[in-house]
Each structure stands twice: as structure tokens, then as C-alpha cells.
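These are the structures in question, set out in turn.
One chain, subunit A, links the two complexes that follow: it is found with subunit B in the first and with subunit C in the second.
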Partner chain A sequence: MEKLTKEKIKQGLEVLDAGMDGKLFTHLNSCVHCGLCAESCIYYLAFPEGKFIPATKVDLISSIYRRYITFTGKVVPGLVGARKLNDETIVEITDLFFGACTMCGRCVPHCSIGVDISYLVRKGRQMLAKMGYVPESLQSTINTALKTGNNMGITEQEFIETLKWLEDDLRFEVNDDTACIPLNEKGRNIIYTLNPREPKFFPLSISAMAKIFHVAGESWTLSTQMYDATNYAYYSGNHDEAGIITQYLFDEIQNLEAKTCVLAECGHGSRAFRWEGPNYLKKEYPFEVITSVEILANYIREGRIKVDPEKITECVTLHDPCNLARTGGIWKEQRYILRRSVKNFVEMAPNGIDNLCCGGGGGQLAMSEYNERRMKTGELKAEQIRKTGAKIVVTPCHNCVDQLTQLNITFKLGVQIKTIAEIVADSIVPQDQKVISKNESVEV
Partner chain B sequence: MPTIEIDNRTLEVDGDGFLSNPDIWDKEVARLIAKYDGIENMNDKHWAVVNIIRRNFEEKGMAPMIRTICQETGLRLREIYELFPLGPARGACRIAGLPKPDGCV
Partner chain C sequence: MNPYLWFATSALVICLASCFYHFFRLLEFGKPQDYSKPLGEITPAVKYSFTRAMDPRKKESAFLHLPTYTAGIIYHLGTFLSIALFTMFWLKYVPSGWFKLIIIGFLFLSSICGLSILVKRIIKKNLRTLSNPDDYISNFLVTAFHFITALTLVNNKLFPVYFIAAGVLLLYLPIGKLKHTVYFFAARYQLGVFYGRRGVWPPKQEGF
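And then the complex of A and B:
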């Protein structure tokens, strides 16, 4: 790790100089050390040590704030528990803020006075990013996205070849030679986005969504230039880089004159582009942005597609991605979809906005140095899944899918992990068929 | 540096179990990592996938697209997921001795 310099300290502290930022000032100064947050945190539940309590993280960043920004902290640091930024504190703060927090935010609703703890962890990461202490493994994914426009460095030619291959498959699947995956079409209702892991390694979810768009008769397109819904700079806390990545997608949506951007099933990507993006770019979007989950629920609600729950009879449970459910407030839509698309849906406990993080959020999947911790926090999720008795675990987030896949093997769960689009595509009724059930008349 | 031990041989790996030095890879190393993942016997299909990934890595410095793997081996997508339960990245690429790919894998 690079040595701390005066210049680095100065840059880092700019993030904490709350000045007129009332939110930062309030949250840095409000923790009453009640300890209620402890048992809401997957790290503390997996490793019951004081350093993993969310309040400890709050205390760490507040103590640095006090040391450099407040009068008493500057004059009598020992009296107010103010701490100096030195090489030792940097190691500690990097380990706790990058390596022991998924920014899942579960501690926030559990805080007795409402301190936005994950916001403070983000501020801490932002400070570390300013000082150049983002873990290399995480930075490498960001660099690839900045350089190539997608976080796996897929070339445009490779991407197009993959989509053509999937298009052949789609035509066979829906038995229609005119079915297609539209590329770079201007003026469509929807521009769809992807997580690059889909074209690279896991394209079943692209096929699923293409099939659904086809059956719904949607006017949509994919861009071959810029389709990446992820933004790992949201995780690193480097707002400048997060802004550049946001701008890439923003420009392409404008270029293709799409009315609505539909985000891939990606928790942090939804948060970064839809909810943080306008802040990164300091402007409102002139187009609509919604998540895949919302558009799928709308299709079913409006009757644009029909689903038949008899097609999926195994027991299905749902994992809520933190960024979508807890911070984005999107938790009803996935339930609306599943209750109509599968025969036997069971909830895990807790769920919805109180759900446990899978352990793979906050960039943890990219940072292999913290792998052991990630598997240990993930064990809580594995046990949640096991208790449901479900055979299929659905989650509208590719990052969660990857963590759950690893948990499935490590803890021998014997389940299948699927995205929501895959479930809908499996239960969808082809356009020319009608659903007939015992108690219902034929739906037209 | 983390290590994994299989059949009395110690391999240096990153926190995710990907080889720290891809150059030490050979068929024996592949067999060992596969065994570590619970794949006791690498069959012809396993080797076909691993060899294509390794060749692409040596020529282009990265893992191939899943399309290339499917088309060159003639295997169906779902077959590849069955052959490597951890998936093409954490399963097959790791056995082929590649560093961990960037992104959500």
C-alpha cells in the first residue's frame, strides 16, 4: 500500500469537510452508540467482534472528521476521541469500509435514530478513492469499463456475433423467422441494457428478455456501442469515474433517441444509473429509466404477455437485491410477477426491505482478497434458502446470481439460481395460445 | 498469499482460488483444480472447454465468449453449466489457469 502523504490527506479530507452539507454534518454527529445496528449487520452476525459493528465504522469516520474539521478535535483530540489519519488508520479503514461492508444498508432502518450508516461508508470509500486506496481488484473492473465501455472488455464484434447467435436461437424458440434482437435502431420505445457477464458467459437471461419483448410486441433495441448497466465506480466511491461511466450510457440513450431505458436485472447498476446518475451528471434525465422487474410486472398487469404458473411447479423462493428492494423501494413488483408465474412461491425470512444481503454486494465479488469473509457472510443467506425448502432461487440481480451460485455449490444447497426474466420466459404463454383453467373462462 | 493443497501439491492462488501465476499451468494443474472443485474425472467435454479457454487466453490474453466455447466444442450452453457447476468463469476459467475475469463473476 502506498505511503500516506500530506497531499493525499488533504484530498481525502475534502470529502469530510461537511461545510454547509447538512446531511453529512448530521449523520457524522448523531450516533448514540446504542448498539442496535450490530445484529442487523451480516458481518457482525458472521463474525461477532466489536470492529464489525456498523457503529464502529461510523465512529471511525466521525473520529477522523472530528480530528481535522472540528475545533475541539484540533485542539484536544484525546478528549473527543479524535483520530489522526496515518498509515495505520488507512489500513483499518480500508479493511472495514471496503472489506467488511456490502453497503447493503440493512443497519439504516435498524438504527434507533436513523443514521444513514451506508451513506457514511460511501463517504469513507469516497475519501479512500480520493487518496488512491481503492483495492486494485475493484479498480481493474472500473478501468476496463472506462477504457472499453463495458466492464469485461468485450469487443463490439464479439458482442454482435453473440447476439446473432442468440437471435438464431430465439427464432427457433418462438418458431418465428421474423423474430429478432434489434441492434442500434433509432427512435424505439425501449433501449435495453445488459450486465456484461450476460453476453460473456451467461446469455440465457438475454434470450429470456428477447423472447418476452417479442411476445409483448415491444419496440426495443440494444446498442452495440454502450449497453453496460453496471457502474463499479459507484462501489469504489470515485464520483468522477462514476460520472464518466454514467455519461457513456446517457449519451447512447440520447444518440438512439430512445424514450425509455430499461435496466438489466442489476441491483447496483439500477441504483447507480437511475438514482445516483442524475447526481453524478448534475442534471435531470430527459428520458425515463425503469428496471426490468417493473416492465415485466407491467406487461403482465396490462395483459401484454400471459404467464401460466402450471409451467413451473417446483417450489420457488426470492432473494431481494439490497439496492433494488431496500434502497430503491422495488420489492412488490417481483412478488407480483412470481405469484402469477410460478405455482409454489415461498418467502424466505426475513425478506423484502429487511432482507439479508447475499454477501456479494458492495463490490465484494470483485475483491478476491475478501473472499473468505464473503463466503462466511454468505452462509447466512445459504441457511435462509435452505430453510425455505425451495428448489429454485430467483433474484433480479446478476451480481447476486453469481454469489448465490457459489453459495449453492459451497453449502450444497442443490437449488437452481435464476433471474426474473428467465422465470417469466419459462412460464410465458406463446402468442397464439390461450390459458384455460378449470374455474376460468377462456381468456382472450 | 493464499494456497490450495490437492494431492500433496500446493498451488499459490488469489483469494478466489484463481492461479496467482497462470504460467505454471499444465494439464496436471488443471486436473488438480478440477478435483478441488469436486470434478473427480475430467472427461473429453471438460477438456474441450478448458483447452479452448486456455488457447484463447494464450492468444488474446482473456477468456473467450461463451458463444465461441459453444460453437467450437459443439456443446449446448446448458451442458457447459452442467459440466462446470461454478459456471464458465469461476469453474472452467479457473481450471484453465486464467486470472479472475473482471466484472460480476
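And then the complex of A and C:
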């Protein structure tokens, strides 16, 4: 790890000083050290030590704030626990902010005061990013996205080839030679985005969505230039890089003149583009942004697609991605879909906006140095799943799919992991197709 | 004005001025600009944040820690009662009869609750690691204030001690964590804004 310099300290403190606003000021000053948030955090549940209590993470950043920015902290640092930034604190902060918090936000509504703990951890990561302490593993994923436009470095040719064979499959599956996966079409109603894990490892989820769009008669397109819904710079806290990645997708949506951007099943991608993106770019989007879960629920509700629950009779449970449900407000929609698409849906406990993080959030899957911790925190999720007795675990997030797949193998759960689109595609009732011409649009 | 009352009154003025200073700084910093398109409404979410979101059945910090939570609630009620009594004493009104006895009983109980919270902080390793001197001092000063208020109601010769204790507490309040008196409300408001905008609070009904 690089040595801390005065210049680095200055850059880090800018986040707390120049970047101060009413929200940050409030949360930096609110924790009363009651410690009652401990059991709400997957890290403390997996490792019941003081350093894993959410409040310890709050205190790391607020103690630095007190030391450098408040009068009391400057005059009597010992009294109020104000800490200096030095090489030792940097090691501790990096370990706890990057390696012991998924920014899942579960502790926040449970906090006795209402401190936004995950927001403070994000601020802490932002400080570390300014000082150049983002873990290399996470940074390399970001660098790939910056360089190639997608975090897996998939070439355009490779991507198009994958889509072409998926299109052949689609035609066969829906028994319609006109069925297609439209590429780079201008003026469509929808531009659909992907998590690059889909073309790379899980192409079936692309087929599933293409099938649904086809049956719904949707006017849609994929971009072969810029389709990545993820933004790992949201996790690193580097707002400049997060802004560049957001701009890539923004420009492509504008370029293709799409009315609505539908975000792939990706928790952090949804959050990064829908909620944080406009703030990275400092402007409102001139187009609509919704998640694929919302559009699927709308299709069913409006009767644009029909689903038959008799097609999926196994017991199905649902894992809510934190960034989609707890901080994105989307958790009733997936239940609406599942209650209509499968015969036997059971909830895990707790669920919805109180769900436990799977352990793979916050960029943990991109930081191999924390693998051991990730699997230990993930064991809580594995136990939740086991208790439901489900044979299929559905989650509208490819990051969660990845973590759940690893948990499935490690803890021998014997379940299938699926996305919402895959479930809907499996239970969909074929309808008479109508082909959407390039200029025709269907309101979402 | 006797010197003890004068000391406590000056402390009150300083305390209120500091609290207002914290409050106005909060306002001065202003809201962060948010360019995202809201999915929900802020006002009902802020209301929810101050009401149903505080329901102890919903918060693990409450239902997983019932003894501490209960002690904390009694302790805070004791603090509100002590503040109310301070105002009464200042206005030269001292409760009497059954009313006084009930107040004394409640303040002894809240002192015990405060003490138990302090002892918990001292003996629990995880809490000790989390704590700094301010945590112990704040807890001690408030607990002592409840206790001295109760004793003063029993024996009004203790008024000088009472006003000194009140003055020390009021002077200390804006320095350490006791200033959560101001920030608690700001934090609940900020949470309401955040979850409201994103359509998380108040929780949606089935069928969305």
C-alpha cells in the first residue's frame, strides 16, 4: 500500500470539507454509539467482533471528520475520539470500508437514531478513492469498463456473434422466422441494457428477455457499442470515473434516440444509472429509466403477455437485491410476477426491504482478497434458502446470481438459480405475434 | 438572582445558542442537489420516518435488545421530565403532593436505567471498543442530573447542587454526543427524504 502523504490527506478531506452538505453533516454527527445496530449487519452476524459493528464503520469516518474539521476535535481530540489519518488508520479504513461492508443499507432502518451508515461508508470509499487506495482488483474491473465500454472487455464482434446464435435459438423457440434481436436500431421505444456477465456466461437470460419482448410485441433494441448497465466505479467511490461510465450509456441512449432505457437485472447497475447517474452527470435524463422487473410486471398487468403458473411447479423462493429493493423501491413488482408465474412461491425470512444481503454486493465479487469473508457472510443467505425448502432461487440481479451460484456449490444447496426474466420466459404462454416495424412504438 | 440560578441560566442560554448554531449550520449547508427522477413522495415518507418506522416491532435495535431499549426509553423520558422540571424550578414552581412523589419515583427509575446503560458500556467489550470518553461523560452527566433532580425534590436544600449539575450538563451538551438532541430530528428527516424519493417509504401495498 502506498504511503500516506500530506497531499493525499488533503485530497481525502476535501470529500468531507468541500463536499459537505446538510445530509453528510447530519449523519456525521448523529451516531450515539449505542451499538444496537450490530445484529442487523451480515458481517457482525458472521464475525461477532467489535470492528464489524456498523457503528465502527460510522465512527471511522466521523472520527476523522471530528479531528480535522470540528473545533472540539481539534482542541480535545481524546475527549470525542477524534482520529488522525495515518498509515495505520488507512489500512484499517480500507479493510473495513471495502472489505467489511457491502453498502447493503440493512442496518440503516434498524439504527436507533436513523444514521445512514451505508451512505457514510460510500463517503469513506470516496475519500479512499481520492487518496488512491481503491483495491487493485476492483480498479482493474473499472479500468476495463473505461477502456472497452464493458466491464468484461467483450469485443463487439464477440458480442454480435453471441447475439446471432441467440437469435437463431429464439426463432426456433418461438417458431417464428421473423423473431429477432434488434441491434442498434434508432427510434425504438426501448433500449435494453445488459450485465456483461450475460453475454459472457449467462446468455440464456438474454434469450429469455428477447422472447418476452417478442411475445409482448415490444419495439426495442440492443446497442452493440454500449450495453453495460453496471458501474463498478459506484463501488470504488471514484465519482469522476463513475461519471464517465454513466456518460457512455447516456450518449448511446441519446444516439439511438430511445424513449426508455430498460436496465438489466442488476441491482447496483440499476442504482448506479437510475439514481446516482443523474447526479454524476449533474443533469436530469431526457429519457425514462426503468428496470426490467418493472417492465415485466407491467406486461403481465396490462395483459401484454400471459403467464401460466402450472408450467413451474417446483418450490420457488426469491432473493431481493439490496440496491433494487431497499434502496431502489422495487420489491413488490418481483412478487407480483412470481405469484402469477409459478405455482409454489415461498418467501425467505427476512425478505423484501429487510432482506439480508447475499454477501456479494458492494463490489465484493470483484475483490478476490475478501473471498473468505464473502463466503462466510454468504452462509447466512445459504441458511435462509435452505430453510425455505425451495428448489429454485430467483433473483433479479446477475451479481447476486453469481454469489448465489457459489453459495449453492459451497453449501451444497442443490437449487437452481434463475433471473426473473428466465422465470417469466419459462412460464409465458405463446400468443399470436405481431411484428413491430422500426417506426412503430408501443407505450410502456 | 442567586448565583447558582444565574450559573444555570447562563448555561442554558449558551446551550440554546449552541444548539441553534448547529441547527442553522445544518440549514446553511443545505440539501444535496438530486437530479434523479423520484419514484415516490417525500412528505409521507418523512411522516413515516418519525412514526411507524420507529415502531419497536420494526427495529432490530429495539426488539432484539428489549431490556436496553426499554431502559433507553425510560431514560429519555426521564430526561424530558427533568428538562420540564428545570423550567418549572426556574419559574419558581415546585410540584407537591402525590404528583411530586410520582415524579421522584420515575426519576429514580430513570437514573437506574441510565446507570445500567453506563454499566453495560463499561462491561461489554464490543461497546467499550466503540466508546470514547464523551460517551461515558454524557451518560454520567445525564444520569446524575436525573438523580439530583429527584433528590432535590426530596430535599429542597439541595437546589444549589441541582443548579450546578444542570449548568454543567447544559454547558457540556453541545460539545459531545448529547447534541444528537438536534441531529436525531435531522437524521430522521434525511432518511425520510431518501427513502421517500426512491419509493421505499412508506412501504407499498400489494399490487404496487
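The rule is short, and it goes like this: the second predicted complex is superposed on the first by the 428 of 444 C-alpha atoms of A that agree within 3 Å, B and C clash if a C-alpha of one lies under 4 Å from a C-alpha of the other, contacts with A are read in each partner's own complex, and residues count from 1 in each chain.
Operating definition for what follows: contacts are C-beta pairs under 8 Å (C-beta built on N, C-alpha and C of every residue); 3 or more make two chains touch, one makes a residue touch a chain.
Keep in mind that what you see is a predicted model, and the values were worked out from it rather than measured.
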{"item": "Partners on subunit A (subunit B, subunit C) - clash or fit", "value": "fit"}
{"item": "First, second, both or neither for A:Ser140, with subunit B first and subunit C second", "value": "first"}
{"item": "Partner chain(s) touched by A:Val80 [first = subunit B, second = subunit C, both, neither]", "value": "second"}
{"item": "Between subunit B and subunit C, more extensive residue contact with subunit A", "value": "C"}
{"item": "Touched partner set for A:Phe201, first subunit B, second subunit C, both or neither", "value": "first"}
{"item": "Which of subunit B and subunit C A:Gly389 touches, first, second, both or neither", "value": "neither"}
{"item": "First (subunit B), second (subunit C), both or neither touched by A:Asp59", "value": "second"}
{"item": "Partner chain(s) touched by A:Gly187 [first = subunit B, second = subunit C, both, neither]", "value": "neither"}
{"item": "First (subunit B), second (subunit C), both or neither touched by A:Ala297", "value": "second"}
{"item": "Gap in Å between nearest CA atoms once subunit C and subunit B share a frame through chain A", "value": "25"}
{"item": "Doubly contacted residues of subunit A, that is, touched by subunit B and again by subunit C", "value": "none"}
{"item": "Touching residues (chain side subunit B, partner subunit A) in the complex", "value": "14-18, 37-38, 62-63, 65-67, 70-71, 77, 85-90, 100-105"}
{"item": "In the complex, subunit C residues that touch subunit A", "value": "22, 25-27, 29-37, 39-40, 49, 53, 58-62, 64-65, 68-69, 72, 124-127, 129-135, 137, 175-177, 179-180, 183-184, 186-188, 190-191, 194-195, 198-200, 203-208"}
{"item": "Residues on subunit A engaged by subunit B in the complex (per definition of touch)", "value": "137, 140-141, 144, 151-154, 158, 161-162, 165, 195-197, 199-204, 230, 266, 365-372, 398-399, 402, 405-406, 408-409"}
{"item": "For the subunit A and subunit C complex, residues of the former touching the latter", "value": "20-27, 29-40, 48-51, 53, 55-56, 59, 72, 78-81, 108-116, 119, 274-279, 281-285, 288-289, 297, 326-330, 332-333, 335-336, 353"}
